[in-house]
């Protein structure tokens, strides 16, 4: 139901490295799961509005005020590679 | 200056613009971090705009207001219920791995913008304007890049036009017109160079008369209005050449190189992004009620088009002048101040449009940096209207005012430029001229009317141009009659 | 420790004694840390302890002049997806190993405002994805009642910690049953509040429209205290409900006369014999307390697994995109940016997480969105409507949490689908955003606990707690804590 090619494509979209073994395994497992999901097709959803958030919330909106935060290095200190307070990454193509 | 650009014979260019406007809020779109420019690297960050585990977005009320305001300014329908959506892709300057934007159900839709381009009135549809957050900024250094997240999650409004423009100039003018609205509303700086306003162009070509649209090419991040024009000129030529030589046009994203004046492919090995949009589950739909819309409407100032029409009516100036003067709020305010002080809109518009703008353009200054404030120009014009100086002198005085920032009065006093208008004074000068030019006098009195100009000239010479022309004419006519 | 055994080891009593000074917070914390030390090698319920931080706080509490707080001095274990400032939060994953946050989840701040002392981070299925706590990068958790069995997931560590008396209260999160299932398997109380009752800020997100944090405890009163301490509107979470102050504790009553209990007989029929007996007995007890039982129908139960997994994995695929090794977490080598992403995520995520990310990515991808994600959201609305219709006929719904008690380790872990089907009774509640609770109702013949699933209308946590209290008082005595060696 979901071919190895598709698994590779989806893994790429999700930036997940998958070995060839994993590709085959996932293809089988995901196909089984998707087959089960086929049962949804039988449910009549004509005119039914999709539900995203199950309950209404407070509709709170922030006032446009600056909330002081911690110093830059507090947050950037987590980065595995940095230059000063800038996060460093291998070059981005394009 | 290059001649007026026209699309190659037999072809039509179809252009649409996507403009991203950074909103002038104090804090970011979904967190309380400052939007202030120029702070240290990553100084304006927090868990939310860094996409740290467990961080959640909360909408900035002002960003919503500003967005709705822009929607109204662009004659859009503002949706009562709009939905945020996630646009998913991987890039280091996108901390969450998705951008919170709007997809189905954007805030604003179905608007339009009217503006003047090359003397003709244009009308472009605004398909939609939707809210989203900005990404951080990555800077490339060869083998590595560095990322600064100060800009991450700054509020943006993306304004998408219909594919309604047909030439580079009208596209650039559309962008100028959008900028004018944004600045009028005081919601965005509109600075293309600094990036507070960003312009992407979508352009395709087709043979004249064809209905089907050609392959669209996107040109990203053009950072001046002039470059918009030039980039489009190049791109249209490139596409027409390709079509004519049977080449297929690749749907792609290109950049503009102003030094070489050409567009080039963005070096990316990506296939087309699959953004996998879905409604943002961390934010509920944005519901707007009448009370909110009324508040927003109350904040709507007089917009460029309305102002232009009012100027035409109230000040009785021609449409073209009205459009030029209302290009920017500052220019319009400047003109109005002068017009009201001098009570002579026609002369005021002339001075502002011709004298002032010429000097400003020469010095590459905007109206806000004019060394001659509106009150000073009004002062100069009033002196001219009172007859203290002649029109010709006024031009010189203005040049001096622009140079030194001194007032008209000061300059006229210092240089003794006041017009000579007293009858007695001028009579005296005329008498002297008569004494020095007996032959011409005799000739005139025997019928050579043409010599009138000579006498005028002589009076002007004797007074260094400061004799009041009207008075001089009157007196000369009288005095020349005599025998 | 002798002192701890003197008191009933419930938070309510402990807090009261610490408030009046007859018991020291430091002693309570040390006792809990000691229990963890003794039992964790067998159970693997805890990933890290916060010894220094906890003892510091306990000392401050013992010195404090203002002595109020619902959980004053009470040691609390929290699932390792709650950020606690200054401590490691792994979410059960390799990719966050060593990540020490500079901020705490709102829920943690609120607990601490009530005087609670966070002592440890509990083991969990990686990124809360699992029903058995066998998916953790830090090893599986064992069920304190039978170490050959799973404790349930994904809040397996939290449930095991409470069941084995490491602490009287634990916090977990529930996205498709992750509090209720381990509560059932481990014989403790577990409450999943109404979606929007408890702030999600600072909790590692799995599925944004389904996740909800909730307490686990060994008594209803403790559960109520813990819930009251954390629930309420949070300006940092746009999905929280307006009501700010929540007080179920003062309104607790075991009087349930006249309450209408909805039951889906087929659900109970599907359950194994041991569980069925206890469930039927519990329902009979409720009847004897004056409640009436009404047969109801929940027509979309069969579809709930598909709907749940479609939506949860879609949201998760997006929520987990931020784990890329760029700004925090573990970064693998990569010559190019894409390689860096793929390696970091490929190595940092376990197989179940990868499977779900791929499933979700697929469900949202171009061409499949309508058939999968959108369709699931439409059926979600039907599920919610189905509950609303049922609640016209009853005040709460009662049934099994799962089809059996705790199963053996590795029994279902080879087949993802089999594992998913375990969630058949719990997932629809998250989809509808309702509150639900698992209440222990006895120990079945195999020596494993059984819980009863109680479901109420949105925002009606009170009726859940009241009915649970009535059962706590009325059911014949049974063992409430796991007899673990040591």
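Should a chain be cited, it is by its letter among A, B and C, assigned in written order, with residues numbered from 1 in that chain.
The working rule: a contact is a pair of C-beta atoms (placed from the backbone, for glycine too) under 8 Å apart; a residue touches a chain by one contact, two chains touch by 3 or more.
Bear in mind the structure is a predicted one, so any value in this text is a computation, not a measurement.
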item: Identity of the chain that, by mean CA position, is farthest from chain A; value: B
item: Chain pair, most C-beta pairs within the contact cut-off; value: A-C
item: Between chain C and chain A, distance of the C-alpha-averaged centres to the nearest whole Å; value: 23
item: Averaged-CA centre spacing for the pair chain B and chain A, given as whole angstrom; value: 41
item: Distance between chain centroids, defined by C-alpha means - chain B, chain C (Å); value: 58
item: For chain A, residues that touch 2 or more chains besides their own; value: 13, 15, 52-53, 56-57, 60, 62, 70, 75-76, 78, 87, 89-93
item: Chain B, residues touching no fewer than two other chains; value: 47, 50, 52, 58-59, 90, 92, 147, 274, 276, 281, 284
item: Where chain C touches two or more other chains at once, by residue number; value: 99, 209, 235, 238-239, 317, 321, 324, 326-328, 337-338, 341, 361, 365
item: In the complex with chain A, residue positions of chain B that touch it; value: 25-27, 31-34, 40-47, 50, 52, 58-64, 90-92, 138, 140-149, 266-270, 274, 276, 279, 281, 284, 287
item: Of chain C, residues touching chain B in the complex; value: 81, 83, 89, 91, 96, 99, 101, 103, 105, 200-205, 207-209, 235-239, 314-315, 317-318, 320-322, 324, 326-328, 337-338, 341, 361, 364-366, 369, 373
item: Contacting residues of chain C [partner chain A, same complex]; value: 99, 102, 194-196, 209, 233, 235, 238-242, 300, 302-303, 305-307, 309-310, 317, 321, 324-331, 334-343, 345-347, 349, 351, 354-355, 357-359, 361-362, 365, 371-372, 374-382, 384, 415-417, 420, 431-434, 458
item: Interface residues, chain B side, partner chain C - complex; value: 47, 50-59, 86, 88, 90, 92, 95-98, 147, 274, 276-278, 281-284
item: Touching residues (chain side chain A, partner chain B) in the complex; value: 13, 15, 52-53, 56-57, 59-67, 69-72, 75-76, 78, 83-94
